[in-house]
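What follows is a set of structures for review.
Shared chain: subunit A. Partners: subunit B in the first complex, subunit C in the second.
Up next, the complex of A and B:
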């Protein structure tokens, strides 16, 4: 009962925060609010028994995405122009659509109904077969990197493509101007945040590695681990300044990581083919069938983690390194 | 109590429309991306709400003892990857916005359009 009430409050707060994000004329405020929105969303996911998803949302939404938005705002300014016209047409459209969607929900099964169609298809099979076929307790990891590894490969390639797109868009440098703002120097002159931040970084990275290699038995896996390790590296760059952050992981290395992770994923698939199976079939990788699945899943998850870390850190550096105009 | 079981879906519908409103009615490109972010989160909420099973727990199995009822792992997998893909696309969108700002000196839709017309 307490959980239900708590869930209600969280969902209501989500709506309030979303309205505030749209209404506020200051983009800096809007970005801070979207960080809070993500944190509320992560708590909601946790209440809905999605531990892995909550972890990802907290690391990505509340952490990394806020940093990227702030990096972009530093380059474009934080004020939104007021519009003169009243947006009656968009309001009518969204009002009507919201009404239709809510009307349609009355046909939907109630929250948590075990006889809902979504629970009748392949999900029970995954839950039943995972211990036997994969020998691991986290079904989400088993489905992600095992049963549906094709999907995950596609997602990794999308992430890689988006990361490369960011780097290519920023490949062209703006013309140097006389009054340009000096490169971002970080919090080097602020003793307390710097010391506390430096103390936190090893633990953040350690936690990321734990999620990476313990993802088969507890919530975690390549996506969460990659995001959290990236946050650790970005925190270092925020504290020590952009040049120092770039020195430990130059763009060359980051692009290598982005592509290397995806290559490792594909390589595991091709290794299965060379050893007599089909693409992304882990069975030929080892003699013991369960051991082979676990080996394949481990390697694929490492590939995912490397690509996610590389892409997120590269995207951060792309924004932080850009010279501000006027 | 039956009607309360739909609250998650109502919040989904409202959040989806708030996101859509920001995308179609706001002229500021960063605001549009924030709206896209809200829109995405609304879809995530829909999937995760559907995965919930009454009295269930996270889909992490126990080896000893009675097997527990657990929520549906499949939507979790889909959304977990979608969150990371979401931030990659947002990063790409922000990069495009920064380039637009550098070329046109503004990120307001109507000002960009009038500048394009003048050229």
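Up next, the complex of A and C:
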């Protein structure tokens, strides 16, 4: 009952926020609303018992991507260009898509129905086998980094690709550098945010590390950990200024982290092949079958965390650096 | 496991494993060298897989040692082996042949990222065709799409940026539609493995979500494949990207989306949904005919060489869809073999464009007057590729057009109309190719007409590609055998 009421409120707010994002002509407002949208989404996921997804959405959707959006806004200004004509075609496409989606839900199994196909086929096997084969309680981690680790490798490469794209686009210096403005010095003149922020950073990073290494037992894992550690590092750069942030982690190092994490993941996969198993087979990594799975999962999760941290920090610096050159 | 058993994983792991390394190799020629070596190695793997897949139904590989549907299965069929050959072959040829062009277009500071993205595109596309899992296909679709956007934006032409943004928005919509479709099927079947889906859809009582899923999957993939009228992203994305990138993506990227489209619609939906075939044909056949006619007509009046060839690509996608929507073994064979033959023809043509671009600042037809006097070898190879594109006997393009005409004739009265469409569009191709030939050979060049050819490695690779068109026109054995066995496998699912 309480869940239903909460769900109803959250979904209503989601719709309201989504409409507001589309309608507002001010991009700064839109970015703030997108952040709220992600937070509401995270709450919805949590309500649906998807704690891992909720954590990711909160860390990346509401946290890190908002910072990146603001970095982009600093470059392009906050006012949306006026549309010349009414967007009838997009509206029609959206209407048709929505209609089809609603049509598809008419025969959708009821939410939480234990006899729904998703609870009958593969899922029970995962629930049953995970403690036995992997020796861990968080089935999400077991599926993500174990049974379907190949998908997760793909996702890490998606993140690496996105980071490479940002670096490639910003590698080209603007032709005109005459209007060079002084480097962003952060909030050094604002004592209270600076002191409080600096106090928070160790706890943010520690929480990230906890998520990284406790992912087998409770919600968390490399994605969430990487995002949260990145937020801590970015917070430092925001407080102390972009050059200070870059001094501790230059682009060279960040690219090394981005590529290194992905390489670690691939390397574990190839090690499985060299040791006589298939690609991403953890079984040959150690003599004890459960221990081998845990070792493999630990290693690839570290790879995920490193790549995510490197990519997010590199993307932040790319935007912040560009602003300085504008 | 033996080396031979590891081949399906190697097809994906070699380019993807090399990609992060390429990003670390600095601004010199090392990232290019690694990309070229990894591409050639993947091509060798693809060749071995093609040989291995020819004799068997499918080669199945359990990633991580977890059997499907619990783990992810790689499934190499003759169809996927053919696509792997196209992807890795195009990548190897372009990387080895066009270093001079890439050096001129990709700034030094961008090179490590650019070549890493190149390898990610190759690995992502290979991952899609090697996979037997619907969600895994989506993941690698993301990898390859993002990497392709980077490649298109990687050159020095700023017109590529709005073009790639449009491609990014449209491509994301396509991928999202695909994902929605897969999600709906997962909701009703509880599985992500394609073969398992096929088996379980038959047992689903409430079909509304599945029917919506068919629409979302087909439409999303059609958007990514550039099926008319969802092609609007394609001309500018091809036209303003670095010339070497155009040659690579024109040869393989739309074909990979078509591969997934055919695989999904035939292997998953065709056998388990009543009248799916009728809907599939009824939806795609008219679009294919329109694509062939409208895109060819647009190419006839296009004034920029790369956009002209891009419009021709949209028409060629139409031929492939046309063959498939006949729902016969002959039609599918024609469509699938055309994927290979069109990759050869368009690859050669865009390599010729890359050669031209080393000497001509603008590729507008008006600026290419007398190009054949300045670059006779380049334009001669262009002519060979163009003949193959039209479908002149003795070239690869003829083989697929011939099979397409035979397949259309077998369908009865409507077939005659389709043959008319194919003949008319081939005449249109003659027209738009002739405009290039006429400009290059018979117009008087603006400035001095001294002989000034493209660098030798580029010319050599261009001629290799052009001669491949002739070779596979006279000896179409390998692609035809793979296409026929792919078509037979797909037709097994048609009720």
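As a working rule, the second predicted complex is superposed on the first by the 305 of 326 C-alpha atoms of A that agree within 3 Å, B and C clash if a C-alpha of one lies under 4 Å from a C-alpha of the other, contacts with A are read in each partner's own complex, and residues count from 1 in each chain.
Quick note on the criterion: a contact is a pair of C-beta atoms (placed from the backbone, for glycine too) under 8 Å apart; a residue touches a chain by one contact, two chains touch by 3 or more.
Predicted model, so just to flag it, every value in this text is computed and none were measured.
Undergrad: May I ask you to decide whether A:248 touches subunit B, subunit C, both, or neither, giving the answer as first, second, both or neither?
TA: In the superposed model, A:248 contacts neither subunit B nor subunit C.
Undergrad: Tell me which partner touches more residues of subunit A in the superposed arrangement, subunit B or subunit C.
TA: Of the two chains, more subunit A residues are contacted by B.
Undergrad: For A:200, using the defined touch cut-off, is the partner it touches subunit B, subunit C, both, or neither? Pick first, second, both or neither.
TA: neither
Undergrad: For A:52 in the superposed arrangement: first (subunit B), second (subunit C), both or neither?
TA: first
Undergrad: Based on the superposed arrangement, let me know which partner A:83 touches: subunit B (first), subunit C (second), both, or neither?
TA: first
Undergrad: Identify the partner contact of A:92: answer first if only subunit B is touched, second if only subunit C is, both if each is, neither if none is.
TA: neither
Undergrad: Kindly classify A:259 by the partners it touches after superposition: subunit B alone (first), subunit C alone (second), both, or neither?
TA: A:259 sits against subunit C, while subunit B stays out of touch.
Undergrad: Please indicate which partner A:118 is in contact with in the superposed arrangement: first for subunit B, second for subunit C, both, or neither.
TA: both
Undergrad: I'd like to know which partner A:16 touches here: subunit B for first, subunit C for second, both or neither.
TA: After superposing on A, A:16 lies clear of both subunit B and subunit C.
Undergrad: May I ask you to decide whether A:278 touches subunit B, subunit C, both, or neither, giving the answer as first, second, both or neither?
TA: Second partner only, subunit C.
Undergrad: Output the subunit A positions appearing in both contact lists, the one against subunit B and the one against subunit C.
TA: Comparing the two interfaces on subunit A, one with subunit B and one with subunit C, the shared residues are 101, 105-106, 108, 116, 118-119, 122-123, 126, 148, 151, 155, 158, 162, 165, 169.
Undergrad: Residue numbers of subunit C touching subunit A in their complex, please.
TA: Touching subunit A from subunit C are residues 1, 6, 9, 12-13, 16-17, 19-21, 23-24, 61-66, 69-72, 107, 109-110, 112-114, 116-117, 120, 123-124, 127, 135-136, 139-140, 142-143, 146-147, 149-150, 153-154, 180, 184, 186-192, 200, 204, 206-209, 211-213, 215-216.
Undergrad: Give every residue of subunit A touching subunit B within the complex, in rising order.
TA: Residues in contact with subunit B: 4, 7-8, 11-12, 14-15, 18-19, 21-22, 27, 30-31, 34, 37-38, 41, 44-45, 48-53, 56-57, 60-61, 64-65, 68-69, 71-73, 75-76, 80-81, 83, 87, 90-91, 93-95, 97-98, 101-102, 105-106, 108, 110-114, 116, 118-119, 122-123, 126-127, 130-131, 137-140, 143-144, 148, 151-152, 155, 158-159, 162-163, 165-166, 169-170, 174, 217-219, 221, 223-224, 226-227, 308, 311-312, 315, 318-319, 322, 325-326.
Undergrad: Which residues, counting only subunit B, touch subunit A once they are in their complex?
TA: Per the touch definition, subunit B meets subunit A at residues 2, 4-22, 24-28, 30-31, 33-35, 37-38, 41, 44-45, 48-63, 69-92, 94-99, 101-102, 105, 107-108, 111.
Undergrad: Going by the contact rule at the top, pick out the subunit A residues touching subunit C in the complex.
TA: The touching residues are 100-101, 103-109, 116-123, 125-126, 129, 146-151, 153-155, 157-158, 160-162, 164-165, 167-169, 171-172, 255-256, 258-260, 262-263, 266-267, 269-270, 272-273, 276-283.
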